[in-house]
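Look at the two complexes coming up: chain A is in both, with chain B in one and chain C in the other.
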Partner chain A sequence: MPLPKVNYLYMGPELVLTAAALLLILVDLYFWRGRNRRLAVFGVLALLAAAAMTIPLFGVRGATLSKVMVVDPFALFFKLVILAAAAMVIVLSADYIAKHKLASVGEYYAILLFATIGMMFMAATTDLIMIYIGLELTSISCYILAGYHKTDPKSNEAVLKYFLLGLIASALMLYGFSFIYGFTGQTELSRIANALAGQKGQLAVAAGVLFSLAGFAFKVASVPFHQWVPDVYEGAPTPVTAFLSVGPKAAAFAALARILFIGFPTFASTWKILFIVMAIASMFIGNLLAIPQTNIKRMLAYSSIAHAGYILVGFAVASEAAMAGVLLYIAIYVLMNIGAFAIVLAVAHEPGSGDEVSNFSGLAKRAPFLAITMTVFMVALAGMPPTAGLWGKFYIFKAAVEKGLWWLALLGLLNSVISLYYYANVIRHMYFLEPSSEQPLVTPAAFKGIVWVTVLAVLIIGFIPQPLIWLSIISARGFG
Partner chain B sequence: MSTHVTNLISIIIFMLIGSGFVLVMYGLVRLIAPTATSHEKLEPYECGETVVGQPWVHINIRYYIFAMLFLIFDIETVFLFPWAIVFKKLALFGLIEMVVFIFILLVGLAYPWKKGVLRWDVTI
Partner chain C sequence: MGITLSQVLILAAAMFSIGLYGALTRKSVVIVVMCVELMFNAVNLNLVAFSFFTGLSALRGQVFAVFVMVVSACELGLCMAIAILLYRNRATIEVDRINMMKW
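Coming up: the complex of A and B.
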């Protein structure tokens, strides 16, 4: 029996993170016992180490463990985005945990790291089994994180809804995978494509892809599998909400792109109408339902549904340029969404304050820095210049026009205008309404730091987008 | 074109027969089964022990954690047996892999141990 040849360097980031997460549990148990800030620093350092092992791999194209672990720019791009998101969420978590006196601190950070490992595997594998394992590792970790407010009934409701609906989505996806395996006898995506090459567009396999597509649509929070999103986002602890709105979404889009463009190259073009319907429905339902929301976390939840819609436009177009746009969009979306959630956290940090939009009233007088940066994030989320939000939308819609889907791009633009209404409402609250108190808002340094990092990134990418565009074009090569 | 249409048709026929079978069986049972209800019919064990007390007894939550801990060792054996069979072929590589695997499981044991769930007198 030949021994499996393993290239440990290719999965260095995951190995480092796994070891670090286990070590974090042990260190917390035996030495630090809930020393919140130390554990957070440990977690961030582990993520930085993983990122440091990821960056040198750029330029490598290879696979190990019979393609369970693939190294290509696409995987590395997503890994870096996910690592950055996780690191920022950990920084945001420390003060939130301290304020709400959440129990089991060490486990919180360890589970967050485990979720990150799961997402990295999802982005870097072309094997259906590994995609599923990565997805489950991510999902189960996220269920636990969403319910971390053990004494808060809203958090309990969130975790129950998320868990039950997530189970159904996972089961659907697995059922779809079983169809695909049953008809092709393979679990590795390029072999599936080979097995299918002879018999074009098998409908039974298409049914399998449809089932797994439903599972992914749940994970990326797209209509018609979006019902869980507002309740879960509202009930989960705010740093976890920030994490849920970017991490699992990015990873699920990565895995979906691999399944579609490597395993079933003809599927996206044949079933284009499906993606178009999902994209349009997500954009309209997300944006229109965001308007009446009074809770900012719910508003951002509906806005995240709409953003899934914009990204799905890229999947409907299914060209290499569109996928480059998708990668660009996801990277920028991570930055602006985490930035926005950092400010939500900062506003809710004050005793007696909360997650309502009305809590933002008169913020410009009490915390001018937060008000101006929140304005930047709202403008960026609406996709307006001079922020990075513009470029993500621009490249996806440009690809759509190139492929003759100009009306879809037009609908996307219309939705950007609709979204401006509720984003501008937050700005109106901050600048034109009277604050409830005159005292300046005290903001922990960690929140301010994350706001600084994200706002600078959003503005710099807004003015000099070329490096990121170049990176996403390289990473999307071969997709579409 | 014909192959995938036939594929789909066979799936649809399979689904129809499957769901039809269930419906027909339930209908047949309704039609031909004799209905005789008595107290004995409602007992959990018709021939055997007489049931004592209610089924809704409180079971200590700790048993649940013990069951989960058992799972750790369960998984361990599931992988240890096939590993032992090919141990010689896998040689040092297999040994190291298994040590890593068992170490990860050990963290899973150390965690509840240190948290005190193995002690009956500690409140969780």
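Coming up: the complex of A and C.
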């Protein structure tokens, strides 16, 4: 049997990142022992190099390694989003690691890069085996990262809960994959679609897709597989929480879209009710349970469940316009969520401070810049103008109305209003309550830099959304 | 010989259900992970049985099963690391005693 031809250019970004991650471990071991900042810069440079190799691929539509690695705008869009998220998280991690004196720094950055590689594969493959490998590479790396604060009992608890529930979810997903393979004889998605056309055994395959949907619902943090989210987000180190809330979620949505719209084109319309129920339940449970939270990481965890619900509205609609909205939403969500977590990190950086909402009291007097930018992020997360948050929701809901699901769009709008309640509570704390101390808050330059980047992006996209909308429409072509 | 595909599938389904039941009811972290391994092995049995009995691009199922084994070996290693970490910090590896965070 001849070996398949490999196009190394197509998988250049992944190869660069793999080499960089392995180098990081070696360099940490022999040359830069514990040199936190140097290692972080190395990691960011590797991610930028990978992004630089990804961008020229736009316009290419091809595949290599017998379709294990697909290059199309959809994959590249997600790769860029994931790379940007990982780079910002590494910048945020350096000061957190220095403050908490975490051990084995090089491995931390290397594992973060491995997680990034796993996500990039998830977004760029149409083979069930590779989707599984990518998902597990991501998950195992994320488990380790969630428990990286080894001496913190909360971090221990977070990794245990994440690990056990994640294992069960991936076992469910695999059981589903085994049925899909068994009744079609294929693992490549477009061949599965061909084998299914006009064939019996559709019911067994539908059961398989349902099982794997359970695994993906866990990864994207949607109801009814959401119970792990608040505990893991609260217990994990804050930069890791920022990463978990955007990276694995984006990659899992990408893989889910490929499975549904390439492998099983009729599934989403036949089982529409399933996605509608998941979307509504995620929105309501996420937003309503976020209201009583006093810990800001926990509040953002419930808000991330709600955001998964908004994105699932796009899957329930299942049109090309809705998928463009989903891509737009994910890109914007990454920016505003990482920005919000950067401010949570900045506030908790002060000795004696923590992750409680009450730590934000009187922030406007102590750090006016952080207070005003946090206001922007809260407004953006609630989906209000003039920020970018508006456009993601607008395009998903518009697609829902076009497909006759106007009541689903209405429920989404209602949820935006509910979410405004707890987002505004943070703003109330910052502007109307008295600070516990009068001293100005000292913020490391790295946190400020990330806040600047994300706030500018959120505002610029808010006023000039056309380029990003155009990009997501192009990338979503062929889906839905 | 006398064994058919559906018999193997029923066996795998039984293994999967027993594993799921154990994973949801047992208390020790290690036993929970053993039960999840049972679920993974049910999946492997499914994959191998499908590729053996249907003969459709048979290698794929076998290869998939090998990948599943490799990944579950990694997860077992991680499980031991987590169990040791918990035992050092909390002197217990019982799942229901690790409950600092609720709601």
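Operating definition for what follows: the second predicted complex is superposed on the first by the 478 of 480 C-alpha atoms of A that agree within 3 Å, B and C clash if a C-alpha of one lies under 4 Å from a C-alpha of the other, contacts with A are read in each partner's own complex, and residues count from 1 in each chain.
Everything below uses one rule, namely that a residue touches a chain if its C-beta (ideal position, glycine included) is under 8 Å from a C-beta of that chain, and two chains touch if they have at least 3 such contacts.
No experiment lies behind these values; they were computed from the predicted model shown.
Novice: With both complexes overlaid on chain A, does A:Tyr8 touch chain B (first), chain C (second), both or neither?
Specialist: Once the two structures are laid over each other on A, A:Tyr8 reaches no partner at all.
Novice: Just chain B (first), just chain C (second), both, or neither: which does A:Ile144 touch?
Specialist: The answer is second: A:Ile144 touches chain C but not chain B.
Novice: Given the touch rule stated above, what does A:Leu203 touch, chain B (first), chain C (second), both, or neither?
Specialist: first
Novice: Touching A:Phe31 in the superposition: chain B (first), chain C (second), both, neither?
Specialist: Neither: A:Phe31 stays clear of chain B and chain C.
Novice: Tell me which partner touches more residues of chain A in the superposed arrangement, chain B or chain C.
Specialist: C
Novice: Quick check on the output: what are the common chain A residues between the chain B footprint and the chain C footprint?
Specialist: Shared contact residues on chain A (touching chain B in one complex, chain C in the other): none at all.
Novice: Looking at the complex, which residues from chain B come into contact with chain A?
Specialist: Result: residues 3-5, 7-8, 11, 86, 89-90, 93, 104, 107, 110-111, 114-115 of chain B touch chain A.
Novice: For the complex, give me every residue of chain A touching chain B.
Specialist: Residues 1, 3, 22, 25-26, 29-30, 199, 201-204, 207.
Novice: Across the complex, what residues on chain A touch chain C?
Specialist: For this pair, the touching residues of chain A are 128-129, 132-133, 136, 140, 143-144, 147, 150-151, 153-154, 156-161, 163-164, 167-168, 171, 174-175, 177-179, 181-182, 185-187, 230-231, 234-235, 289.
Novice: Any idea which chain C residues touch chain A in the complex?
Specialist: Chain C residues touching chain A: 16, 19-20, 23-24, 29, 32-33, 36, 39-40, 42-43, 46-47, 49-50, 54, 56-57, 60-61, 63-64, 67-68, 71, 74-75, 78-79, 82, 85-86, 89-90, 95, 98-101, 103.
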